[in-house]
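Order of writing sets the chain letters: A, B, C and D. Residues in each chain are counted from 1.
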Amino acid sequence: MTLTLLLWISVLVAAALAFIGDWRYAPEVNIAGSALTFAVSLALALQVYQTGAFLAAGDFFFVDPFNVYLVVLTTFVSTTTAVFSRRYMRVERDHGRIGPIRMRFYHAMFQLFIFAMLMALLTNNLGVLWISMELATLATVLLVSLYRTPTAIEAAWKYFILCGVGIAQALFGTVLLYFAAERVLGEGGNALLWTNLNQVSGQLEPTVLRLAFVFLMVGYGTKVGLVPMHNWLPDAHSEGPTPISAVLSGLLLNVALYALVRCKALVDGSTGTHMAGNMMIGFGLLSLLVASFSMLRQKDIKRLFAYSSIEHMGIATFAFGLGGPIATFGGMLHMLVHSLTKSAVFFSVGHASQMHGTQEMARIRGLIRGNPAVGWGLLLGVMALAGMPPFGLFASEFLILTATMKQMPLLTPLLLIGLAVAFAGLFRRVQPMAAGHIPPWQKPLAAANLPVALHMVLVLLLGIYLPGFLATWFQVAVGLLK
Amino acid sequence: MTALDITGFSILLLLGGAIACPLLARRERLLIPVAFTLAALASGGVILSGFLTLSQGLNSAATIPLGLPGLPFNVRLDPLAGFFLVVIGLVSLFVSIYSIGYVRGYLGQRPVTPLVAFYLLFLAGMLLVIVADDAYLFLVAWELMAAASYFLVMFEDERAENRRAAFLYLLVAHVGALAILLAFGVMAGVATGYERFDGYTFDAMRGAHLSPGWSTAAFFLAFFGFAAKAGVIPLHVWLPEAHPAAPSNVSALMSGAMLKTSIYGMIRVGFDLLGEFPWWWGGIVLIFGLLSAVLGVLYALMQHDLKRLLAYHSVENIGIILIGLGLSMIFTSFHFPALAALALVAALYHTLNHALFKGLLFMGAGAVIQATGERNMEEMGGLIHPLPWTSALFLVGCVSISGLPPFNGFVSEWLTFQAFLLSPALPQPLLRLLFPLGAALLALTGALAATCFVKAFGVTFLGAQRGHRKVEHVREVGPAMRLGMTLAAVSCLALGVLPTYAVGLLDRIPRQLMGGHIGAVAGRFGWLWLTPASAERASYSGPLVFCVISAVVAVTYLLLHVRGASIRRAPLWDCGFEKITPRMQYTATAFAMPIRRVLGFLFDIREQVELISPVNHPVMADHIRYRLRIRDRIWGWLYAPQAKAAFWIARQVGRLQQGRIQIYLLYSFVTLIVLLAFLG
Amino acid sequence: MSHSLVVQLNLLLAALILLSSFALLMQRRMFAILHIFAWQGFFLGVSTAIIGYASGVHHLYLSALLTLAMKVLLLPYILYKLILKLKIRREIENMVNVPATMMIGIALVIFSYHLTEPIRQLSVLMTRATLAVALATVMLGMLMMVTRSHAVSQIIGFLAMENGLFFAATSATYGMPMVVELGVALDLLIVAFIFGIFFFHINTTFDSLDVDQMAKLKETD
Amino acid sequence: MSLHPLFIELLQVALLIALAPAFAGWVKIVKCRLQGRTSPGILQPYRDIRRLFIKDVVLAQNASWIFRFTPYLIFGVTVLAGGIIPLISTDLPLADTADIIALVMLFVIIRFFTALAGMDIGTAFGGMGSSREMMVSALAEPAMLMAVFTVSLASSSTSLTRMVVVMSQGEFVIRPSLAFALMAFILVALAETGRIPVDNPDTHLELTMIHEAMILEYSGQHLALMEWAGMMKLTLFFALGIAAFVPWGIAAGGQPLALLMGAVLLILKLLLGGVIMVLIETGLAKMRIFRVPEYLGSAFLLATLGMIAFFILE
């Protein structure tokens, strides 16, 4: 009940905004819609907390601790992003970078995007999961090219094509999965239901599933932004409007990883080997290394953080690939705190680039003096991203690293190198931007500080105190994925 | 109210203060005294609790319901922790008092609220590190400390070199922290095999029995991490950058207290968590200690920035502490608990002493810099006249760090020597032969340190003003700063004159860790004689040295002044040389020249002399231009190549992404095909 | 219509589809490409219908209709209009050396045959033989996207992949569940809508649809 | 009957203070004889000191309290050292105040403050003297410690009295290690007391002087104290050598006869030692400052050899 309500709200708000999206109070409507979904998702979470995992709408939807916390996360971040985008888009409109129609389009697509992700998270049907992933992509493609600049169009095109192809491969994988399932569960819709598949995963044909997972890995991996299928990500993040960058790397990547993890659970369950896990370890590690080294040479601030998203997704993928209670726990925690932190950082980045009228890091200076909230937000956010305690990312990296030390000690040097280089890459860029004197070209700005503050407080809390229910959820989810 | 409560309360006080600081951001003139008094009070509490723990040999633990599920924050106080609480507490007490005056100097120049807030946070972090009893809390505190001090180093952030220093510092600290993390990972893994979270408590790690290979890995990972923080050569590069960059009260705290936390970490991991180890671990620690000691002091000798010089001396003293540790480890592994105890006590005592006199010296340097607005010694000179207090207190620091009796530096170095001289007991003939050489190196270090501080004090305070700035406008610093320094100086003297009491207290720590202890105090008038090992082996009496010397001095002075000897002031004689100018004095660079000439091969020196003559003929030269550039070789050997390699790789990685979409498609296509071919 | 006949027909259509995708790979001229694509869609639709008839899985009729409607009529029509509008009728694009592409294509077919071998062993469906063709179509579609530098032909390559997927779905499992089919179709519609917009933007900003000039965003210097 | 230790202590210190100038004078005499000059007689140092005490102090204008404090401190430290080293008897209350390592550090105090005083009056000479003095001492320190260490190995103790007791009470054995150590000790002692070939005590030739350069600005009582302390230091180094290497005759207890015996023997040893030193001094030439490292290096080498010899041969 709450569940369908959740989805309907975002659809309806999207539809409404499609018409009134350029109205003065459209941003407020947008915020209200997101806030509403957030409230409902909390109710849903409560339900799960009380009754545990359950099926809804027949067996079309499946809610368990693993996806419900992502749902709450999604709605929460979408709300804060809406709050941020109110200020941000107003400035953009005042600078005349986008007109009323595009404003409408932007708001509508934003909500549609949220809907797509919620659908992908909640559905029980792998086919529908695939469809909503595609939908999420398509909803954001035109947002990336919202500014109509040559580079924006180029980025959007790459995003469109690469993710399209990737997702197509994922579909082939799904087909194979269906083929394998059908022979056990018989013909018909419920052969694609994850719950059923998970029950019989032992009997699924390993050869087929191995084949299927390769396609799923490459397919969904493209959307997670795993090297070497990552090339769309920096472009899309750097060219789109900042709120979109925030939700892209804060939420979409998570959802894609979620899909991948669900499939991994099936495949390793069936093959009985650790092949899927190893594949994820490989991709994760490669992404971590490549991304962290790429960070060293960035000039564009949003590209920098796009690569950091790749890096962190790499870590999370690595953790899930590693398996085992602590690593998986760490992976989930990492998804959560990373999306909180990264979106917060993107908020600060957005304001910073608006203050200086450029995304070129060499020209962004003296933020702390210019606008303390933005400056400190950026600096602390980056500290969190770099894995400094007491922020939450440290907790997850702590678990993941120590788990690696036990299970695959020989990989720890690589992890160390990756993390260290990423740290250096982030700091040597961000520090001069935050510190120092105010440059003449910097313009004052009324920033939306609430979202950043909210996110950072949460990240801080998660670093020093992990609430019990979340912990138990993660434990349960770990059990499910075993 | 137990010792642990007092500590916890103090820490909460500091954290609360840090959070509350922004409230007073508008009224900084009020904020400074309030906040630093708070800090001083907290430090006092910490000293008290640490002292109680140490003197009564308490061992109390507690858990705080925060942190990860199944892994609440565990805290514990045992003699070892108690001792380090005392060390940090003392330094922070003195420095906090000093800061009341020092930080006021920034008013009007820049907002000091961040400085105050992060100062409090920094203190809290260090204290948490000491009381932490599980890997997670330890690392959180460790990095909290690093982050806070990073912001403190970056306080004067408009200077590019300060930013660079801060960045370098944070990078090294973070890499070190990761290494420590992995070390804990190894131990926790063996403890509970990663199925549960409670393997991360130190108790579980104590219980775990590691295979030699694993424990070696754990120890050296931890050693690397802690060494990076302690500034052990070759991981010291950040230290001489960060200490000068930071405000002086912060450098005092960093050098006096923060470096000690890494010593604490080494002892905790080596002796407490791991327990038994082969002798060569100690050997390696010893070697790094000697290396840091000698090179540290040599590099210090080449500096003419007062704070850089002091920073390099921190490297040296950490080296001396490590020497003690290494000896203690070796003795432990050969099962000589008493000797191990002696070496450990020496190390711990030097830890305490270094905390005090280095704190004092940095405070003094801060006073000088604030009074003159100058960091370069070549511009100073003759400051003893306008700065009587500061100079006298600084001199105490110099004497202590040079290891001259009856001050504290001597006692700990003397104990270390004794530990060295006990080596004939060792079964390893090779070690027996090599140890004395180590002792000789230590002696060299001591002598060079004396040289360096003759230079530091002489060039800064004595002689005549060298630079272009006038001495007249220099005023003595305020009472708060003087009080802070005086307290530090007094405790330096006290620890030097009455070592037996302190050593008696320290003796509880080896008892806790390795069950051995030294007969520190022997015979009648025990408090008078410090006799490690045995009375006829070696003995030292601080009180007597102090009393006899001062008595003789007093007597001679009186004898000579019964008939008021008239003292006539006259211009310099200088072998009858007439027109002598301040420019003719020895500069810091000139003073270090002989050593530079003798041991130059250790440095990367560029020296060029240029004769400038109107008629270009060297003999007719009317003035000479002299250029000297001394670099740390280690940077060129170790760090520059790494950076180069990283950027090279980055360039290669960049090639992956060259813009054409077909290529990107090809990547994903090829990936698919390859995976299918090999896994499908 | 006897069972074997159906199978043979199906195989024939499969062969035609494979052929058409090779043709797509080779063909230089826009309109020709368009036609071939339409034909491929047609073969696909027919084969789907036949399979539906033979296997008695009746929702396949619907999906056959969908296919015909979209892949034979709608999408080609849209593309046709766009090509006219954007005046790229005469466009002859230069391609990387054709024989090599040929060889690679054949290699891919063999590879996909080898890959689908185990599945063919497992499957009991009469269409199991065609799965290899489906996979090959997907791969050839990708190959086409890799080798072509023209936006339109890239899109067609993409759509050809979709065809392959669809064909795979029918031949491996007599089609995905209905809801999925519909969803895919919907997505396809949106895709069409989006690339339509894109063609306009690209053409207006770069005044040509050659994607090679869209290589500003890169890490090399 | 036996004298009270405290009395012995006072006696020894008094003896040292009284005899130090005479010893310096003796050294001068021997040197003059060897160089074919007529000597001013053994009492000359006393006369010098008296003259200086009578004279007023002339202080340089910018001399600080350090400059004035140093002479007293140095005198005090030297006296303390005199109370620690067993000259005539081992039964000294102060003997346990410092073992040999601490004793060496006491001498470092002297050097440290002399160097500071040298820099205090801001002349080029002062700085030069301090700088060179500190370098020499820095290089001398390890050699000194090695020698000391080798000696302490024999008696497995660093307390001087203990060493003396062990060596003079125990049966006599030839120790190659001690021979090496003795040579090293002599070399170092020459450097530490500022004699040729490292420094030249009786020159004011700018470029060769080290110690003189530092005390150049001293005058009157201050200079007197400095000179006197210098003589005592010279004597003490001999006493140290005697106690460490040829301690025979130093009384174990407080019997007056033994003490007298000890005193006589001490004086004889000192006279002999003086001659030996003069022979070395006249035999060698003052070396360039940058030859000193090699000189002290060889001292270090000898000391190390001594130690190795101990472990290998004994």
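As a working rule, a residue touches a chain if its C-beta (ideal position, glycine included) is under 8 Å from a C-beta of that chain, and two chains touch if they have at least 3 such contacts.
These numbers come from a predicted model, not from an experiment.
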* **Neighbouring chains common to subunit A and subunit C, by label** => B
* **Between B-C and A-B, the pair joined by more C-beta contacts** => A-B
* Structure fact -> Computed over C-alpha atoms, the centroid farthest from that of subunit A is that of chain D
* Structure fact -> The distance between the C-alpha centres of subunit A and subunit B, rounded to whole Å, is 44
* Asked: Once you find the CA centre of subunit A and the CA centre of subunit D, what distance in Å lies between them?
  -> 78
* Structure fact -> Chain-centre distance (mean CA atoms) for subunit B and subunit C, in whole Å, is 70
* To do: Express in whole angstrom the distance between the two chain centres, defined as the mean CA positions of subunit B and subunit D.
  => 36
* Structure fact -> Contacts with two or more other chains occur in subunit A at residues 157-158, 161, 165, 169, 211, 234, 294, 297
* Asked: So which stretches of subunit B touch two or more other chains?
  -> 653-654, 656-657, 661, 665, 676, 680
* To do: Could you run through all the chain pairs that touch each other?
  => A-B, A-C, B-C, B-D
* To do: Spell out the residues on subunit B that touch subunit C in their complex, using ranges where they run on.
  => 653-662, 665-666, 669, 673, 676-677, 680
* Please give the residue numbers of subunit A that touch subunit B in the complex, ascending. => 157-158, 161-162, 165-166, 169, 210-211, 214-215, 217-218, 222, 227-229, 231-232, 234, 275, 279, 290, 293-294, 296-297, 324-326, 368, 383, 386-390, 394-395, 398-399, 401-407, 409, 412, 416, 419-421, 423-424, 427-428, 431-432, 435-437, 463-466, 468, 471-472, 475
* **subunit A partner contacts - residues on subunit C that touch it in the complex** => 57, 115, 118-119, 122-123, 135, 138, 142, 145, 151, 154, 158, 161-162, 164-165, 168-169, 172-174, 176-180, 183-184, 186-187, 190-191, 194-195, 197-198, 201-202, 205-206, 211, 214-217, 219
* **In the complex with subunit C, residue positions of subunit A that touch it** => 125, 127-128, 130-131, 134-135, 138, 141-142, 145, 148, 150-151, 153-158, 160-161, 164-165, 168-169, 171-172, 174-176, 178-179, 182-183, 187-189, 191-192, 205, 207-208, 211, 234-235, 238-239, 294, 297
* Asked: For subunit C, which residues count as touching subunit B in their complex?
  -> 111, 115, 139, 142-143, 145-149, 154, 211-212, 214-221
